[in-house]
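Notes follow once the structure below has been shown.
Chain lettering (A, B, C, D and E) follows the sequence in which the chains are written, and residue indices restart at 1 in each chain.
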Amino acid sequence: MFMARITGSIVSSQKVESMVGQKLLIVEPLRLNDKARAKLNSTGRTFIVVDTVGAGEGEVVLCVQGSSARFTEQTEKLPIDAAIVGIVDQVHVGNHTVPIPN
Amino acid sequence: MFMARITGSIVSSQKVESMVGQKLLIVEPLRLNDKARAKLNSTGRTFIVVDTVGAGEGEVVLCVQGSSARFTEQTEKLPIDAAIVGIVDQVHVGNHTVPIPN
Amino acid sequence: MFMARITGSIVSSQKVESMVGQKLLIVEPLRLNDKARAKLNSTGRTFIVVDTVGAGEGEVVLCVQGSSARFTEQTEKLPIDAAIVGIVDQVHVGNHTVPIPN
Amino acid sequence: MFMARITGSIVSSQKVESMVGQKLLIVEPLRLNDKARAKLNSTGRTFIVVDTVGAGEGEVVLCVQGSSARFTEQTEKLPIDAAIVGIVDQVHVGNHTVPIPN
Amino acid sequence: MFMARITGSIVSSQKVESMVGQKLLIVEPLRLNDKARAKLNSTGRTFIVVDTVGAGEGEVVLCVQGSSARFTEQTEKLPIDAAIVGIVDQVHVGNHTVPIPN
């Protein structure tokens, strides 16, 4: 899985029928910065994910990729390869807490 | 999933039998540009995907990869690892709308 | 899926039993060149794929990756993650036809 | 699979119900350094994985990705794409032993 | 699939129970060098794979990734995402034979 920040959303009116009603969010994966591991930096990549936990723009979330994105009650059998499965509250590295970017 | 622009199509007359009749489109994944997130840029990569929603060249679409590409009525059991599952109408980031490239 | 050129083949005499008799080809994925999209360039990567359509060295083919490589009659249940599922005859981008490299 | 060092952990209070009670660790994949292959270097990437073997921060572990992350008793049917399946005690290359970073 | 050279092995005494007795090898994927395609070069990446064919250090092998790594008698249901499924004896490109590095 990876941590990512929700930066936006997309609207798709013409889509596969099973996808109707699914919230489609734009996320940017984050990584700890080198050496210090004291900050979360964007990787600059852009993914579209389905939200299963009521997350909103600006939040840092936990995303799952691949077939496992179908292993929640809401997403079972959907043609999706990425889903949000949690909201990240705290990030701990050694003795310090890494701030969640906002 | 990822957003991508349809740039072309391919013709394959000799292929696995189950693939007969499937439209094979060329897409280029898109990403939001750094910092501003006000534009969608091509990543320069080239994928071949099966269309399930009647999309056409020039349109920006939502693509799914991996085993989940088989989770639509049309693509069930096909030997494909990527499919278009929606046409992207609008992209929202914060308070602004990101233009769909054409 | 991706387009690739067949550049060679490998021989493996000691292998998993279910793989006996499978033709193992070397392919290099191709991508459209930037902006013009008038040529197919090699990505320089090297993959080994199983052939299911009688393709030969020098041909440009359509390859599938992941679990879907097992979704042809010939490859069902094989321990493979990539297969050729078609031979590419024509590549169309906008109003022009992209030459197939040989 | 890949070797990785555990650098931290995350807390997620709002998450998919099946994930309650799962320990979420931050890992950085490692690779042998070029030529000499005498050291393990971080790739600088950041993944979140579920622990199944009681590993702790600072340890070097073996991680599995994709659907196979669901093939342990503890993780069956979880919406996860990465899990720790072993603690790495020794790394051997040719006649020497590569030190485990701490 | 990809070709790789076996460079070492790892020892993991604390691991998922189903993994007991599995040989864990370190491999470096190989690619043909540009243009000439007359040599196999290391990509510098490091993967851990399960051996199913009795391969040893220094040998060049064929590796499969993802769920298909579970499609051999020995690896069925194991939490692994990569396995060796053959030993590479010969590599042919056009009219020449590419030497197997040792």
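Basically, contacts are C-beta pairs under 8 Å (C-beta built on N, C-alpha and C of every residue); 3 or more make two chains touch, one makes a residue touch a chain.
Here the structure is a predicted model, which is why all the values come from computation and not from measurement.
Shared contact partners of subunit A and subunit D: not a single chain qualifies.
At the interface between subunit B and subunit C, two copies of one sequence, fewer than half of the residue numbers in use are shared by both copies. The distance from the centre of subunit A to the centre of subunit E, with each centre set as the mean of the Cα atoms, comes to 32 Å.
Separation between the centroids of subunit D and subunit E, computed from CA atoms only, is 20 Å. Multi-chain contact residues of subunit E (touching two or more other chains) are listed as 66-67, 69-70. Beginning with subunit A and heading toward subunit B, the contact ring passes through the chains as A, B, C, E, D. Partner subunit D is touched in their complex by these residues of subunit E: 7-16, 18-19, 24, 26, 28, 44-49, 57, 66-67, 69-70, 77-82. By the touch criterion stated above, subunit A contacts subunit D in their complex at residues 1-3, 30-32, 34, 37, 52-54, 62, 64-72, 75, 83, 85-94, 98.
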